[in-house]
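Pasting the structures in now, so scroll down.
Both complexes shown next keep subunit A, but they swap its partner, so subunit B is in the first and subunit C is in the second.
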Partner chain A sequence: MEPYAQHLEKHMRKVVIDPVTRVEGHGKVTIVQDDEGHIDRTRLLIVEFRGFERFVQGRPYWEAPVVVQRLCGICPVSHHLAAAKAMDVVVGVGPDGLSPTAEKMRRLMHYGQMLQSHALHFYHLCSPDLLFGFDSAVMKRNVLAVAAEYPDLAYQGIMLRKYGQEIIKSTAGKKIHGTGAIPGGINKNLSTAERDSHLKDIDRIIDWSKASVDLVKKVHGQNPDYFDGFASFESNHLSIVRKDGALDLYHGNLRAVDKDGEKIFDQVEPADYLEHIGEEIKSWSYMKFPFIRKLGKRKGWYRVGPLARLNCCDFIPSPLAQKEFEEFRAYTGGKPNNFSLHYHWARMIEMLHSAEMIKELLTDKDLQGTDLVRMGKKTHEGVGLIEAPRGTLFHHYKVDDRDQITMCNLIVSTTNNNEPMNSAVAKVADQHLEGKKITEDLLNYVEVAIRAYDPCLSCATHALGRMPLKLELRDTRGNLIHSLIRGASGS
Partner chain B sequence: MRVLVIGIGNPGRTDDGLGPALVEAVESWSLPGIKTTINYQLNIEDAADVAESDLVIFVDASVKAGAPFDFYQAAAAAKSRFTTHAMEPESVLALCRQVYHKEPPAFILGVRGESFELAEGISEPGKKHCQQAERFLRDLLNSDSLLERCRQKAAERRS
Partner chain C sequence: MAKPKIATTSLAGCFGCHMSVLDIDERILKLAELVDFDKSPINDIKRFTGQCEVGLIEGGCANAENVEVLRYFRDHCKILISLGECAIMGGLPAMRNGIPLKECLQEAFLNGPSVVDGMIPNDPDLPLILDKVYPCHEVVKIDYFLPGCPPNADLIWESLVALLSGKEADLPYELIKYD
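The block that comes next holds the complex of A and B.
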């Protein structure tokens, strides 16, 4: 539970994994080796565009739900909804004052986002690791290799993702820069034609989601000790939960539990998050390090995301996912599950839950309602929390009398998982790095460990021709000892 | 012929918005048989749309294209990158071939981008590239034999 030291010591060698770009956002892993060749500590650096918080300042508050989507091309819907929820407070509606149509349309949008995001991660990024092994050849480490050997799985991945995208299009208005959620409500309902179109395929989507859970369990069952031990460590966990303790990905209050499942705090209102969550800045990282104030900076870091959510909640309010949740919790005797690779298991249970919730919502006539927007007495500050695919997302704004945003504070999911990803890399490096030679296996293992947390490195822009991956071993005097470069072509 | 023009990029990141800007222009021309789509990034589901097309043109900002733009035929190929959620056009084509057993001819219009900062609007150099790319795209899409014209233009620019 100790965070890593803030400066490199003399006589250490450094291993650096460095995608050389700032356009797509980049991650860089530094592994510090002592003179005997053993791992001393690790640091994961992910460039985060902090300038965005200032970019929003001076804009009218009603623009925030649209503008924030430019922050991330991977989960724009999460930012869209978190900003809208914060602005609900600003327009005096508050978290519980939306019309049923508005709240359910937003929920539908959010479950569509969850479905497509979790499907993307599992089929595009994670399935090569699980199906071919962590040390498989680099050219097999992509969805194309999966498509070659498991075409049905690849097809399911594509169609799950496409279905989620279509739900988003129906609720947000369009795929890019959607305008569905606005302060105080939503700007459209769901037409019966849209509803029927989605209902036509939902049972198949649920079946495929269930099959995805089964696939994770099958892979785990082939080598459970290895799966459980890979990059695992104990930690605190944080998420929002419903007032009755249920998993709720759209709205709730904050709950944090420790490694044994004891509650650190519970039912903390979004507006009070700063009383319980602090943010440490370290000189060597662009990312903030959030922590639970009650436990302090050294012991207060926590995990977020699917694993944390299933460790925090008491039950899942949909039948198929609840059944899987019971099996998931039973595996660790009802205690929190601290195995990093079980993020994949938890993620697929959440995908199943999202599919079930989409079906439930599609059959709800409130989605065809016409009470779309409500307004109340305006306030000058709003906080919106949501469980984004990668974890708890915080949006906090202050607005002046001219309706302009004067302050914006964001804690994004990947930032919340900053210290846990460092810990995961440290565990892997400790097991697999010895001597002075960088191996492709080491690169693979580090990637697998980080990938379990599904960090968002893309930061909303891509541009052709970027994002190689470079790994270097250097001594403290800067001399290159060994290097390994993975190009954009995978070579 | 079913033609799909895909614009890729984030308009909130200056020249990364070149792809969406150009495809919005294509939309405004209302050309028969031309289907358009715009998204931040390419992804696995784009393979399904590609499979339903006879010709695909990807329009994207590029940091390696010569100014004002490059135009070339894309070949299906596996490209893997570190824990990125996006895909390259070549990978989408390869996935389409693997899953749908189809590989429609595809071309990439890579427009030189100069700035990718967090701001709205395309940079001044980017606008010049965009204008030239727009003229090129309009002429291309209005030609009678589109596939042949694409191949010809790609060959011309390569030489």
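The block that comes next holds the complex of A and C.
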């Protein structure tokens, strides 16, 4: 029996997109359509399962920052730091107890990560859609085609990412899966030679980041109504913010706002996250569905990531990005921006902010300090939160007297966006597939919507799967009637 | 003469090996002069357009779909390379190999402290999870192995250039030292 066939009512067929490409990780979309072309339901699902929560049990706590980052090679720094922050609590130091050198080295690492990840997503993965159009030829939809037509832009993207990776190497020891952060601090400071080599290029990086914001605004300006309407819907938004309401990507407390900007909760300490956030499980995906408990499963889902962060915070503490932020806020009259494609705009503003913060940190003498690690009174439980490039990341561990991990709970950024991405897929299906014979070109529209969220299905896979896209049309008995499989088997 | 083609895929990996490929930075433009990219998650080619010279495999096999993809690559690539620890020996995901799969699923979907009304996902659309995570060479023949987690970008670059130009790879100690 074919998948779903027995559940499908008469005259229904199922379209599967497998794999979704130019996203990090692996995923799959199914669309059920009736004979008239009416869209009955859509799903974005994650088909892979890893089991991290279980197999880190019994491992020594200090291994977590090194091991758990292997969930995801795209933003390993985020997992590395979130785990380290949770373990800071376990070793009795806590977020406010780190030495200035340790905290600033970690921040530098994190802004480097933000810069490289945002550049990667925008230039390497999404720029073909934005520069060539959503329905451009398949062979053009990649960064090398962008390089052929806009060599300066592609070069800029590659060098922005490279700069971020070099910052990570200087702070974490390695570009991917480094070891810099350890419970209670950091294991190296920044040498003056490293500092000078980064300082030499930072002004150019800031200029390029500013140019990236301008590029998004230019693309948007070409067809604002289309850009605004594409896959858009209203939602709640969640992120961490600093105590004074500023955007802070490294540390703060949780804030959630609704679609009108009213606060649902504010300044929730990381350790109290469980009182406010729950996760629903659905039978058809390994990716969980988080929600705000107070609002319940149906109404409590929320968005995270660049768009949500700019909707939650009150200001950005760096001048150039703050200026862009004011323009961003003014566009929706100070209310939350609920347009899916504006994730790109918000993302580039954050990239600019990260570049500015890197410059500020590089000139800070504390980075050459030698007070690297502190220890306090051990505890048995720690929660570490961070704003990863893709949104709020939760790490929660319990550790026993023998220093072994006994419990690990992870809510990764992309998982928070599970329902929003499903809503975006449903919205695009409604806007662009309803009543039509689905073609391969139309499928890219679905992927464009998913891509806006910069899903990292690698992370989301810690308990789950991969992000392929396969398209099949089946009749009510589940027989294949038409196939546009772009998936693995290719048959 | 047409340029040789290269394809890449991520099985049960974290994408870090793909990121390390991108860490060759500007040289990616040079690589594009040497080869054409075929099926890969970084472009939109979802099916092979023809036979490829080189296939890079990241990640081991954790579910039935991984096995299917790996065989599909073996069929379409003259030279298959296991890229990184996960492909070579299962890597981090293989840490579950000593634990019954059911316990892993229970921990994630029933016991997690944020889980509300837990259940273990079970749907025909979800591929069958294998009992263990398998290294790629236990599933198909693999021609070369590039170790590291992830392999150093320079190692990837040197090896690919050597392979494509038929010259012997010049790999200094720093490049074959790995974690």
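The criterion applied here is as follows: the second predicted complex is superposed on the first by the 443 of 491 C-alpha atoms of A that agree within 3 Å, B and C clash if a C-alpha of one lies under 4 Å from a C-alpha of the other, contacts with A are read in each partner's own complex, and residues count from 1 in each chain.
FYI, a residue touches a chain if its C-beta (ideal position, glycine included) is under 8 Å from a C-beta of that chain, and two chains touch if they have at least 3 such contacts.
Model, not experiment: these values are computed from the prediction.
Engineer: Touch test for A:157: subunit B only (first), subunit C only (second), both, or neither?
Structural biologist: In the superposition, A:157 touches subunit B alone.
Engineer: Contact-wise, after the overlay, does A:455 reach subunit B, subunit C, both or neither (first, second, both, neither)?
Structural biologist: In the superposition, A:455 touches subunit B alone.
Engineer: Taking the superposition as given, does A:188 touch the first partner, subunit B, the second, subunit C, both, or neither?
Structural biologist: Neither partner.
Engineer: In the overlay, answer first, second, both or neither for which of subunit B and subunit C A:76 touches.
Structural biologist: After superposition on chain A, A:76 lies in contact with both partners, subunit B and subunit C.
Engineer: Just checking: does A:380 make contact with subunit B only, subunit C only, both, or neither of them? Give me first, second, both or neither.
Structural biologist: Once the two structures are laid over each other on A, A:380 reaches no partner at all.
Engineer: Could you say whether A:123 touches subunit B, subunit C, both of them, or neither, answering first, second, both or neither?
Structural biologist: In the superposed model, A:123 contacts subunit B only, not subunit C.
Engineer: Identify the partner contact of A:141: answer first if only subunit B is touched, second if only subunit C is, both if each is, neither if none is.
Structural biologist: In the superposition, A:141 contacts both subunit B and subunit C.
Engineer: Looking at A:55 after the superposition, I want to know if it touches subunit B, subunit C, both of them or none. Which is it: first, second, both, neither?
Structural biologist: both
Engineer: Which one hits more subunit A residues, subunit B or subunit C?
Structural biologist: Touching more of subunit A: C.
Engineer: So subunit A touches subunit B in one structure and subunit C in the other; where do those two contact lists coincide?
Structural biologist: Subunit A residues touching both partners: 19, 23-24, 49, 51, 55, 67, 70-71, 73-74, 76, 120, 124-125, 138-139, 141-144, 147, 154-155, 158-159, 161-162, 165, 175-177, 456, 458, 463, 465-466, 468-469, 486, 488-490.
Engineer: Which residues of subunit B touch subunit A once you look at their complex with the stated criterion?
Structural biologist: Per the stated touch rule, the residues are 8-13, 16, 20, 37-41, 43-45, 47-48, 60-65, 77-88, 91, 94-95, 98-99, 108, 110, 113, 116, 118-119.
Engineer: Tell me, which parts of subunit A touch subunit B in their complex?
Structural biologist: 17, 19, 23-24, 27, 49, 51-52, 55, 67, 69-71, 73-74, 76, 116, 120-121, 123-125, 138-139, 141-145, 147-148, 151, 154-155, 157-159, 161-162, 165, 175-177, 447, 450-451, 455-458, 460-469, 486, 488-490
Engineer: Help me check something: in the complex, which residues belonging to subunit A touch subunit C?
Structural biologist: Touch list, subunit A to subunit C: 1-4, 16, 19, 21-26, 28, 30, 45, 47-51, 53-57, 67, 70-74, 76, 120, 124-125, 138-139, 141-144, 147, 154-155, 158-159, 161-162, 165, 174-177, 273-274, 277-286, 288, 290, 293, 297, 396, 407, 409, 411, 444, 456, 458, 463, 465-466, 468-470, 485-490.
Engineer: Which of the residues in subunit C end up touching subunit A in this complex?
Structural biologist: Against subunit A, the touching part of subunit C is residues 9-10, 12-20, 22-23, 25-26, 28-29, 32, 37, 41-48, 62-63, 65, 68-69, 72, 91-93, 95-96, 99, 101, 103-109, 112-127, 129, 149-150, 153, 179.
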